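Both complexes shown next keep subunit A, but they swap its partner, so subunit B is in the first and subunit C is in the second.
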Partner chain A sequence: MKRINWLGLGLLAPAFCIVIFFFLAPVILTGFFAFTNMSTSTGVTGGEYVLNQTGLRAIEDKGLPEATLKQLKNAGYRVDAKGLAAMAEQFGENAAAEFAELHGDALFTSRRDMERALKDLRANQIRSTRDRKAAAELFKRSVLNERFATEDEFRAVLIEANINPADHDAIVMQAYSGWVWTKENIELIFTLPSSLRYAMNTLMYVGLTLSFNVLFGLFLAISIFYLPPRTSAIFSTIWFLPRVLPPVLYVLMWKWFTWDTGFIATTLSWVGVAPKNWMLDTSTHAWVVIVLINGFVGASLGMILFSSAIKAIPTSMLHASEVDGASRIQQARYIILPQLRWPILFVTSYQTLSLLTSFEYILLSTDGGPGRATEVWSLAAFHTALNNYGGNLQYGLGAAFAMLLVIIGIIASLTYLRFFNFREMIAKPRIEG
Partner chain B sequence: MRHNFRTWPLLLILSLVSLPLIIMYVFQVVDSFTAPKPGSLIPGAVTFENFRFLWETPDPGRSSIWQVTFNTFVFATSVAVIITSISMTAAYALSRLNFPARGFFLGGLIVLHGFPTVTLIIAIFLILQFLGLYDSLFGVILVKSALELPFGIWIMKGFYDTVPWEIEMAGVQDGASRFTVWRRLVLPQVQPGLSALFVLAFLLGWSEFVLPLVLAPGSDAQVLSTYLAALIADDSKLDFSLYKAVGMFYALPVIFIYLVFQKKLMNIYGGGTKG
Partner chain C sequence: MQLQLKNFTKRFGDLTVIENLDLTVNSGEMIALLGPSGCGKSTTLFAICGIHRMDEGELLFGDREVSDLPSQKRNVGVVFQNYALYPHMSVFENIAFPLTIKKQSASDIERQVNEIAELVYIGELLKRRPAELSGGQQQRVALARALVRKPDFLLLDEPLANLDAKLRLEMRSEIRRIQQETGIAAILVTHDQVEAMSMCDRIALMDAGKIVQFDQPSVLYTDPANKFVASFLGNPPISFIDPIVDSGALMLPGGLSIAIPENISAQSKVQLGIRPESFGPQFGTGLPGKVCFVEMQGREELFDVLLADGSLVRSIQPAGSGINVGAQIDWGVAADNVLMFDQNGARL
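And now, the complex of A and B:
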C-alpha cells in the first residue's frame, strides 16, 4: 500500500514541480504585479533614491511648503564647519583656515562656482584640477540629482540639509525610483475611456468570430459528410491546414492576399479600382479580415468535432428519412443538428475562452490598427506591458489588464470541471496495493 | 443513398468559400519559386533567387538562417522531449495509481488544461527577469513545456485509460512490482500515443511565436517564427517573394509531419483539445 502511494506521487512529482513554477506562480503573481507600478523606469528589482527636477516639480504640485522647496533647490555647496574639517584633513589646516576666511558660510549652487571659489586660495593653492574637484566635493550638500542606494542614506542627507522633518516622508516617497504597491492601476482601468473601447472591441471580436466559427464549422462538417470520400478528404485538408501551419506563415498569406500589391488589389485593378491595402485602409476592412483570419482557423476545430459526431449518427436514421422523401436540408435540420447539441456547446464554450484571451493572429495581422480599431483587451495588456512604441513598458498596468482575463479564465476552467464527467474520471484504480 | 442527391451545387458552394484559401496556398508555393512581377498575378520565370537567404543574410543586421533554424530545432525538440517524458510518468500515475489527493490532482489537470495560458505571459516575463532566464532559449523551452504540459498529460492519460486492466493484473499476479509492470507491460501498449504526442509537441514548439517574441527577443535565441515576423515587420523593403520563400522553408517540416501523421493529428485535435 505504502509503496504504491510513493510511486504515484513520485511519477507525478516532475510534472507537479514544473507546473507550480511556470503555471501557478504566474497566476498568483499576476495578481501581485497588478497592484504595483512596475515599469521600464522603475525596473523590476529594487530601486534607488534620486530627486531630480521633475520630481521636485511633482512634490511642489502636491503642496510641499515653499521654504522646504527653496532649501532643496539651494542646497548646493555650503562652506560649513563639517566641510572645512574634511578639507583640513586632506589639504592641510592652513588651506582650510584660509578658505574659511575667504568664503566662510558661503553658498554655491553650482560646482563651477564652488571650484572658482577654491581658486581664490592664494597662500595654499590647490593646483591640479582633479584636487580642486575633490575639494569641491567635500562641501557638497545637495540633495538634487544625487543617487542614494538606501532610504537611510537619503534620509541622513535630508537631515543634514536641515530640511523640516515633517516633509521628509513626502520627499522620500517622491525620490524613490523603484516600484511601489499601488491601487492606481485598477482605478485607471475603470476610468480610462480606452478600456471601455477595448472591452467593446473584445465583445465584437469574440461574438463575430465565434458565430463564424460555429456556423461555418457546421456548414463544413455537414457538406463534407455528404460529399464522396475523396472530394471530402481534399476539402478537409484545405480547411485543416490553417490550424497546422505556423501562425506567422498563415498570417503572411493573408497579408499578401490583402496588401496593396497583393491578390485583391491586383485583381480589382483590372476593373479600374485603385490599389490599396484592403486589410488596413478602414476599420471595417480590418474587422472583416480579423474575423476571417481567426474564423478560418477556428472553423476547422468545429469541422473536426462535428464531423466525428455526425459519423456517429446511425445511418439507418438517414436511410429511413430518405425513404420518407426528406430533402438534404431537412435531414440536416431534423436529424443531424439535434445530434450535435453537445459538440456545439463544447465548441462554443471552449472557443469563447480562447478567443477572449488570444491575440496572436491580431498582433501579426493588424496589430490593433488602424488606429486602435481592432485593439482587443488581451492585445491591450500585451501592448501596455510588453511591446509599445512609447518604449515605457508598464508591467503593473498590463498585469492589471491581464488579471481580469486570468480571473475569467479561472472561473471558466472551473466550470469545465462540471462539463467533464468528473465522478467517473476519479473512479478508484482497480488494483489496490 | 447519396446518389439520390445532386452533389454539384454543394460542391460549387464549398469550392467558392474555399477559394481564398486555395489561392493563398497556390500562390504561396508558386511565388516562392518564381521571379516577382509587380502588378500581375501571372508568375515570372522559375528561379531560386528568392531562396538566396539560405546562402547569404538578407541584411547585415540579421542572424544567419542556419543558426536560427538550429535554434528552432533545439527549441521544438527539447519541448517535445520534456513534454513527452514528463507526461509519460504523470499521466500513468493519474490514470492508474492510487495515491493521496488523486481527485485534487485530476481536477487541477482539467482546470489547467482549459486555462488560457497566454494571459500569464506578463507575469512569466517578470518571473524570468527575476530568475535571470530572460532572453535565453532555455527559459523559453521551460515555459513552453510547462504551459503545454497539462495538455500532454491529458492526451497521455487518454491513451493509458484504454490499456486493458487485465494486462497489469496479470503482471502483478506474476509478482512484478507496479513500476516494472508500467515499464515492461504498459509502456509498450501506449507506444503509438507517445509518438503522437512527441510529434504534436514538436509541431507546437516549431510554430510557437508569442513566447520567443516576448521572452527571448535577442538575436542569439531567435527562432524561425520571430525571424520571419521581423523580416515582414521591416517596412523598408517589402518583398513578398522573399517572405514566401522563408515561409516555405519554415513550413517544410510541418507539411512533412502533416502528410505522414495526418490521421493521428486529426484524432488528437478531434479529442477536444487545445486549439
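And now, the complex of A and C:
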C-alpha cells in the first residue's frame, strides 16, 4: 500500500485552494449564473410575488385567456373591514358604519358600480365627486400591484378574485419577482441579431489586433536585430512603454490624441481640416484606434519574444547565410523567420486567448461605440451584466455571454495544446552546436 | 585565381588585432593560417570573406579589388568551425541554399547539388536534417555547401576541431582530396600544426597579429625564422639550452662544445635549439644528464633529460631501450641540426 505523503499534500494545499477559488470557482459560478434570470429586479436572493402592468403584458403575450386577463386588469371592489376602517378614518365613523350597513361585504366589478353604491349614503353623504372617487379607491381590491411575501398568500388572493384555477400557475410564475432557473438566456443569445454582431466584432477585433501584434512585433524584432546595440536598446524600450503604462493613462493619452480638441484635430485644423473626434467619428475610426491601442500593447510582447529567439540563432549561421549570398531580406526570410516558428505560434495562440477575453482597452477608449460598432463579446457580457444604461443589470444574461466565451476559450486552448504538441517540441533540438 | 591581402589592419575599438599583414595565396594552392589561440587567424579569415570590414589595406581576388564588397558579392565558400548548417532545412536544401538565393532553376540546382554531394560522399543523406547527422557528415555537408557555388576561394575555419581523433585523420585527407579535385585555392585556419603540415602546401605561421614565417611546412620545420617558429612546430617540441660562448665555440653543460659557424658573428649570448630527434646515444656522447621522465608513445619513447645546469632536453628514441627514470645517461647531439638564436629569438 502506498503511504500518503502528508507533508507533500500539505505543501500542495495552498495551490489547490488557489486553483479552486480563483480558477475553478469563477468558471463554475459563471455557468451557474448563466442558467438563471438574475437581474437587478430579481436580486440575487429570493423574491416576493407581485403582478404589475409589465408582468400583465408579459403573460398576455404568453397567451393567457382574455377572460382571466380582464379579471386581473379590472380592479375589483370589496366592501370589507379593511376598507371600512380606512373610510372611517377619512370620512368619519358614521359614514363608515352607514356604508357597512348598506353594502357590507358587497362586491363590485367596476369603479362606476362602486361609486354608485357610495351615492347610496344618506345620512353621511359624500358630496363631491372627487371625494367619492377617493372613497371608492379605499375599497379597491386587486391582484395588481399588491406585494405578497409568500406564494400561498398570492394564490389565496387569486382564488378570492375568482380567477380560473387553470391560469394560476402561469400568473404565479410571472408574479414571482425573484430569480428562477431558465435556459432562456442561451436561447436569447442565439436569436438576438445583436449577438451575431458582437461575434463579428470579436472576430474582427481578434483578427486585426493579432495580425498587427505578430507582424509588427516581427518587424520590430528584426529591425532591432539589425540596429546597433545602443539604438536598439532605446528603440525597444520605447516600444515597451505601452505595456508598462497603466491602461487608464495609456488610453487617456490616446483620447487626448484623438479628441475633437486634441492633437490630431488641432494639428489638422492648421491645414484646414474641420476638427472632429478622430476616435468616435465613424466606426472605421473607432476600429483603427482600437486595433492600434491594443496592437501597440501586444506588439511589445511579440517583440521581446521574437528578439530573444533571434538572438538565440548562432551568429555563425547568420554569417554563413551572408557568405552564401543572402541579402538582409533573404536572411530574414530564409534563416530568421523559419527559426521563429515556435515563438510566432506561441504568440498567436496566447494572444488569441487573451484578446478574446480582454476588453479593458475598448471599454476605456470607445466603450463599444460609436453605437455598438466596437462592442465585442466580452464587452457585451460586461455591459449586460454589470454596467448598462438601462439600469437593469442582467446578471444571468451577461453570465451566459461570458459562459459561451469560456467554452470557446477552452476549445481554443485545447486545440492549441494539441497543435503545439509540447512533448515533440521539447524533444526537437532547435539549434545545433 | 590568386588572392592577395596587402597591408591588412584590423582593429576592434582601440584594440589593434592585426597590423599590416600581407598574404598571397596562389591559384590551386592550399595554405594554412597557423598560430596560437587569439593570434588573429579567424579575424583574417573573416576579413577575407567579408564578415569583418578591413580597417586598412586591400584585398585582391585575381585583379579584382574586393575590400569594399559585402560578403554576398565575394564568391567565397566558408566552412565554419561549428559548420553553421541551417537546422530547419534538409541537407539538400542546405547545400542548395547558395544557389536558391541566386534564383537558379530547380533542375540546375538539383544537378549541381547531386554532383557536389557525390564528390563529398553524402549522396544518400540528402533528405535528412542536420540534427540527424554525425559530426563528420555535418562537416561534409558544410563543405558541400561551401563548394556548390564554385567559389573562387575556399575558407575553412578550424574545420576539424569538433571531430574525434579518428574522424579528424580521415577528414584531413578528405578535405585535401576534395580541394585538389576541385582545384580551388583554399585557406585553412588551424592551431594544430599536424593538421597544417599534413594538409597544406604552405603554412603562414601567425603570432600576435603578424605572419612570422610563410613557407612550405618542411622549410618551417628545418629552417625556422625565429625561436617562436621553432618552438611552435614539432611534436614533441624543441628544447632550448643556454650555452656559454667561449672563443668561437659554444660550451654546453657537460663539456660538449659546438663550433660557431663562420658566417655567424660571435655573440655574448646565444640560445641553442635541439629537436628531440637530434639528441640521443646514436650521436655519440658529450651531453650527460639524468632521465627525469619517460613517456611511452607506442613505437617510440620520449625522454626528458635534466642537464647539469638545470635545463631540460627532450629526446625521442625507438621503443625498447630499457632506460628508466633516474638513469644517468651521456648522449650526443647532431651538431648539424642544432638551431641557433640570438637573445631576441632571431635565428642566427
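Here are some notes:
Note that the second predicted complex is superposed on the first by the 314 of 433 C-alpha atoms of A that agree within 3 Å, B and C clash if a C-alpha of one lies under 4 Å from a C-alpha of the other, contacts with A are read in each partner's own complex, and residues count from 1 in each chain.
Note that in this section a residue touches a chain if its C-beta (ideal position, glycine included) is under 8 Å from a C-beta of that chain, and two chains touch if they have at least 3 such contacts.
Since the model is a prediction, treat every value here as computed from it, not as a measurement.
When both complexes are overlaid on chain A, the residue A:Trp254 reaches subunit B alone and has no touch with subunit C. Contacts of A:Leu215 after superposition: neither subunit B nor subunit C is touched.
Once the two complexes are laid over each other on the shared chain, residue contacts for A:His319 go to subunit B and to subunit C alike.
When the two complexes are overlaid on their common chain A, residue A:Gln339 makes contact with subunit C while staying clear of subunit B. Applying the stated contact rule after C-alpha superposition, one finds that A:Gln330 touches subunit C and leaves subunit B untouched. Contacts of A:Leu9 after superposition: subunit B is touched, whereas subunit C is not reached. Of the two partner chains, neither subunit B nor subunit C is touched by A:Ile411. Between subunit B and subunit C, the partner in contact with more residues of subunit A is B. Once chain A of one complex is fitted onto chain A of the other, the partner contacts of A:Met173 are absent, as it touches neither subunit B nor subunit C. When the two complexes are laid over each other on chain A, subunit A has residues 319, 322, 428-433 in contact with both subunit B and subunit C. Within the complex, the subunit C residues that touch subunit A are 46, 49-51, 70-74, 76-78, 80-89, 97-98, 100-102, 130-131, 138, 145, 149. Put simply, subunit A touches subunit B in their complex at residues 3-5, 7-9, 11-12, 14-16, 18-19, 21-23, 25-27, 29-30, 33, 38, 44-45, 216, 220, 223, 226-228, 231, 235-249, 252-257, 259, 261-263, 266-267, 269, 292, 296-298, 300-301, 304-305, 307-308, 318-319, 322, 328, 346, 350-351, 353-354, 356-360, 363-364, 378, 381-382, 385-387, 395, 398-399, 402, 405-406, 409-410, 412-414, 416-417, 420, 422, 425-426, 428-433. Residues 1-2, 4-5, 7, 10-11, 13-14, 17-18, 20-25, 27-28, 31, 38-41, 82, 86-87, 89-90, 92-94, 96-100, 102-103, 105-107, 110-127, 129-130, 142-143, 145-147, 149-150, 153, 165, 168-169, 172, 177-179, 203, 206-207, 209-210, 214, 224-225, 228-229, 232, 238, 240, 243-244, 247, 250-251, 254, 258, 262, 265-266, 269-270, 272, 275 of subunit B are the ones that touch subunit A when the two sit in their complex. Listing the residues of subunit A that touch subunit C in their complex gives 314, 316-317, 319-327, 330, 334-335, 338-339, 341, 428-433.
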